[in-house]
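Okay, got some structures for you below.
Look at the two complexes coming up: chain A is in both, with chain B in one and chain C in the other.
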Partner chain A sequence: MHFGPILRALMHNKTRFWLITLEVGLTLAIVVNCINVTLDFRAQYTHESGMDEANLMVVTTEPFGAEFKEEEFVENLEREDLASLRSFPGVRDALATTSVPISGGGSATSRKALGSELDSESTPYYIVSDHVVDTFGLELLAGRRFEPGDFEFDEDENGDILHRNVLVTETLANAYYPEGDALGKMVQNDEGQLTNTIVGIVSDMDNSWPTWDNGKHRVLFFPGQPGSDRRMRYIVRVDEGAIDSVFSGLEQRVLGINPERIVRVETLGEYREDYYSAQLAMIKMLSAVSFLLLLITSLGIVGLTAFSVTQRTRQIGTRRALGATKGDIVRYFLVENWIITGIGLILGAAMTYGLNFVLVSIADSPKLEWPLLVGGMLLLWVTGVVAAYVPAQRATLVSPEIATRSV
Partner chain B sequence: MIRMQNISKIYRTEHIETHALSGFSLHVEPGEFLSVMGPSGSGKTTFLNVAGLLDSFESGTYHLGGEDVSTLSDRQMSRIRNEKIGFIFQSFNLIPDLNVFDNVDVPLRYRGVGAATRRDAIEEALEIVGLTSRLKHYPSQLSGGQQQRVAVARALVGTPGLILADEPTGNLDSAMANEIMDLLEKINEMGTTVIVVSHDPELAARAGRQIYLLDGRLIDMESLETPAPLFKPDAVPTQPPTQV
Partner chain C sequence: MLAYHLKIAFKSLRRNPVLSTLLIGGIALGIAVSTAFVTTYYLMASDPIPEKSDRLFAVQLDSWEVDDPYDDDHPEEPPLQITYRDLQGIMQSDIPSLQSGMYKAQLTVHPEAETDRPYRANTRLCFGDFFAMFDVPFTYGGYWGQQADKGPEPVVVLSQETNQRLFGGENSVGRTVRLEDRDFTVVGVMDAWQPMIKYYDVNNFQFDESEEIFIPFNFNRPLELSSSGNTSGWKFHPGNEYEDFLQSENVFIQMWVQLDSDRQRDEYLSFLDAYTEGQRELGRFERPTNNRVRPVMEWLEVNEVVPEEAKLMLIIAVLFLLVCSVNLIGILLGKFLARAPEVGVRRALGASKLSIFAQHLVECELIGLLGGGIGIVLSALALELINGLFDDTFSFGLDLNMVGAGVLLSLVSGLIAGVYPAWRICRVAPASHLKLQ
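Moving on, here comes the complex of A and B:
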């Protein structure tokens, strides 16, 4: 409608609006990049771990009794603990392990296909009791579960186990044997004195470091005896939705078998929250910053529009005298606002990509996809319209007889 | 053109009621050139505001071009102002951020005419006021007289039947004032009804008819033998009015 003259009037008096234009642009750049980081994190955080995560609990015990110094005592207690946990009402299965997935704590070693000339693959592993597949809720894709025989092996004079059978995830199996024929094949460490036979391949699951991209879904299970005099740890899988009912009873159950230890019961979900806590905090801060920026910018637009209206009462009166309806007057200020935010958004689009480029190169942020930018521009545009509406509405209160008042 | 009967207009502030117009009646024929005089505060601007539908009134009837305007909606009044009335103000009231062309364009924009028609009308109006060479100038780059000529062009660009001017020469020196009066005369000769408020008796005398206001009432000059004492000294016309 009056787009041309409104734009020309704005251009003739740029000082009035360039600051808010810049503010809109900066807000777009920061908000869109914050949202981009947040969405990327959210995708990672809510990513399926491959385990029956919602029904998994972790029981950690830290012994202080003197008998724990004896290896055989620990071995027997672990067997007892497991039997007791597995028979607890509501518990589906349990295993003993050295460390916990999605916890940030764990071990990794190197393995590669037997005889391969290539570099070895980094191999996150857990030393576990049996019942691995069913406790984590994995799928056995090929081969078999651990059998009692897998837990019998010899140690050399250094305490190294020269050979034992292992289970690996599909991703890791394919890393060793890209042809997909890993089952029954062997892997070795760099020197070649330690070897393992892959007796089973299970579906993928997160290891201790789910944000480690190159190690994603790589897990190797060594059969063994994970407990020690320092710590004995169990993963317990409960029936669907039974976490709350099982939770309170587990501590007493374990203490009932041997009270000389400190027992901690947690859900795997709590481990996940801990693991991501720094990022969760950062996301909360980014959201707060985005929200504040949006608020400040909309207040800026409210202020600018209100200021334009007060500053131009005579002009409004004159326009009314010359035939503008109240609707024309409101539209004038809204269109003016659209132009100001529009220019800000175009500037801001460039700034958004610029900021993203910097974040990608220095902070390893995700690359920005254009639909998010368009969404952000829409968000700010709507914010601008809403912010301008009320002060623009006030312009209709200016009466046309203002025009004849002497100055 | 204008038929006002018993109009009264009251301004109420916290403490006082001002009867800016009371029992005001006036007929103006189409094509007339009328000047309005009277001391400060006598209601001249108020009369112009009511006549131009810029302000409401308490009682009385007002027909503009045969139409009863007391019942019109705000929207309808805007439309009449836009199509039938042209305004010229003492302080010009040009829009400072628009150049001459865009300023004259303002009333046409609210009428929704095509760009080509608008351009022709604007150029014609600026031709009449002699400012075709200043299209791209902004108000701040023009003298007062030039600004008021732009305002005159803006008032006549929509070819209204009625032009209302509130002390259009009040901020101008006498040479420029005469120029503006020349223009108003010229516009009136083209058939437009012109009503101009002026403090300057000499300029007012150029109108075809003069009316006098005092305390919101029309003074019937013929019924007064010696009208001068009625006026406060500072507002006394320098020569007695000759015609009503």
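Moving on, here comes the complex of A and C:
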């Protein structure tokens, strides 16, 4: 195939050439950036939480009975609820907690290594009953689980508990004690009134805000009594695959113990869907926009190649009369298309990085990696070839005799 | 002349229906996508209360820790909310025309109907001025007065939905609602009221629904209600009782005032500065004086209420329309040039360049408008889809401005796409194509 004549022919019609080039380039820039953002959102949504997430459920109860005002009543009921939940068929373990991971709702406090001069570390925490490690499905990396003694506290004259033993995730332990020797050490709040001893270090898990980068995998567990007259909440871990069978029974089970409350049973997976709903919606919108854009561009290529075929009917006829085969004609238009889209893609690569730069600075999008760009270029190149093939095929229908005919 | 151009344009479109569909469909898609996302952005970024947004101010006092600012990334920024103690202090001022501290809490509602179980309702604790300040519309009754604020008297304002749920939508003014362990008398039922941005409290989620129930602020004490929104603190406070919490340095209250003139605004700022100066003598407010009153739009900017995703989609959507326009130029160019012989004949018969140019431009604008019309209808559908994608957190819809913007966009893209091809075709020499004929 001779590129020379094709190139010279292209240069005769510069405008058309630049239009397709520009369109292909712009399309590449937009589509690749859309995919880039989409992949980032997908990665956020599908990342591992470090828990046995597929088998976790959340039971939320909101009391309205008058007797819940009594602290002791809540304490006893919580114990009863837990025993009942743990004995439910298909349930592996359960705990009571103040809030739920991957929910967007929770509390954080500040702690730092005891006596440290440095700024304190923001510390997302959960007040929990025991059975932490086994309910979340974590690994105990060092130290021990909570023991009954950890739930017996000394209160000062104001009713404050100034010292508790705690469990922390590996990441948080290393944030306090970067040397990796946190076990058995203490942490304190800024002013030093509150102290905690790290009695166990567990494997990393997501806290309430997994998209909060600086707080990633930071969790501190306070032993205590999480329930209150406003809310009593449980995390339930079920046997592998038992989630559906357990799900339907839990609400009645809890209401059976005390009906004076509103009860909601959800899977942790539902919390995840909810937490990432904006990301999921963005994935769908960006995919739809990318698809429509590819459609428009390929229709554009079809249209323009078709015109170029119509315009060159006499030329094609002449070439056919001079001995060019049908294959030669198809190849001519395909190569022409390759050249145009090729240049468009090179131009588009620059535009893609340009747009990525803008999106990174304005909309906090992720940086573009080159393999994705190469993938996008291939995708558009193939789209271009397929789009050009149909009209090119039509060009072969031009019969050689047309050259001899005067219009 | 225009009628004639239009007639020819229609004829030209009918001559090649496949191509015309492609042209109009292409621009329709471009308008649909761009109008839809421009609309979402516009609705999020526009003024939620244009008639008085420059007279409503969010109040900030820098009560934070002396050597550790509230926001490490913006150390010059005071906290976004205020403490209960400071609310008590600054509500004493009679400078603002209207003023209200407020926060969100969860309350148990006990419906009268035996069939409806008790449920938790999002409740706003606020002062009566709240409703006047934010122009809250009422279907029945109205809001409570200062007497009820002081009492506090057990009065309640219901949202439209809550009134529907509890009283079947009837006029419930004067009837009783049981909240927690006591009875409240309904004084007002709101009309539908759902600002796109919940600008008076953007703490948890700026697109949150407005509350279901409103009660006088001072019930916070008897009901011991903590905030179900954000509570932030920096200082350890002894004691676990509700009263201990109220006396602490925890911020959880949003404070709004209406100041109708610059003079009023200056006076109020001086009042705030004097107040914090006085508190400093008590050992609080150790940071440099940094009190702010910020009008609505500035407040929304500080809180960055327009999500980055909306900006992203706006950029993508505008580029999308650009591609559609480039696509349109290409196809129009082909279409017009294929008509060169015909134009040559018309030129030879005396048609001026200008008239050829105008005729083709009219054809482009016709394509733009037809595409735009379809596109605007499609964008309304797209917005419905977007609402669905976000589980109806949003109620995006086209308003007249956006329909106008859509029409304008289609005219502009028709023009942009049409000028070059029309210019090319009007320069066709009369003779060259006649020779071939």
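Rule of thumb we're sticking to: the second predicted complex is superposed on the first by the 401 of 407 C-alpha atoms of A that agree within 3 Å, B and C clash if a C-alpha of one lies under 4 Å from a C-alpha of the other, contacts with A are read in each partner's own complex, and residues count from 1 in each chain.
Going forward, a contact is a pair of C-beta atoms (placed from the backbone, for glycine too) under 8 Å apart; a residue touches a chain by one contact, two chains touch by 3 or more.
Small disclaimer: the values here were computed from a predicted structure and weren't measured.
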item	value
Contacts of A:V382 with chain B and chain C, given as first, second, both or neither	neither
Which superposed partner A:A321 touches (first chain B, second chain C, both, neither)	first
Chain B versus chain C as contact partner of A:E23, first or second or both or neither	second
Touched partner set for A:T310, first chain B, second chain C, both or neither	second
Chain B versus chain C as contact partner of A:R8, first or second or both or neither	first
Of chain C and chain B, partner touching more chain A residues	C
Partner chain in contact with A:S399 - chain B first, chain C second, else both or neither	first
Residues of chain A contacting chain B in one complex and chain C in the other	407
Residues of chain B that touch chain A when the two form their complex	45, 48-49, 52-55, 74-75, 78-79, 81-83, 87, 89-91, 93, 95-99, 102, 105-107, 109-111, 138, 154, 166
Complex contacts: residues of chain A adjacent to chain B	1-2, 5, 8-10, 12-13, 314-315, 318-328, 399-401, 403-407
Of chain C, residues touching chain A in the complex	19, 22, 26, 29-30, 33, 68, 106, 108, 110, 117-120, 181, 226, 234-236, 238-241, 244, 307-309, 311-313, 315-317, 319-320, 322-324, 326-327, 329-331, 333-335, 337-338, 386, 389-391, 393, 420, 424, 436-437
Contact set on chain A toward chain C in their complex	15-16, 19-20, 22-23, 26-27, 29-30, 33-34, 37, 62, 64, 66, 119, 156, 158-160, 189-191, 193-194, 230, 262, 277-278, 280-282, 284-286, 289, 292-293, 296-297, 299-300, 303-304, 306-308, 310-311, 355, 358-359, 362-365, 407
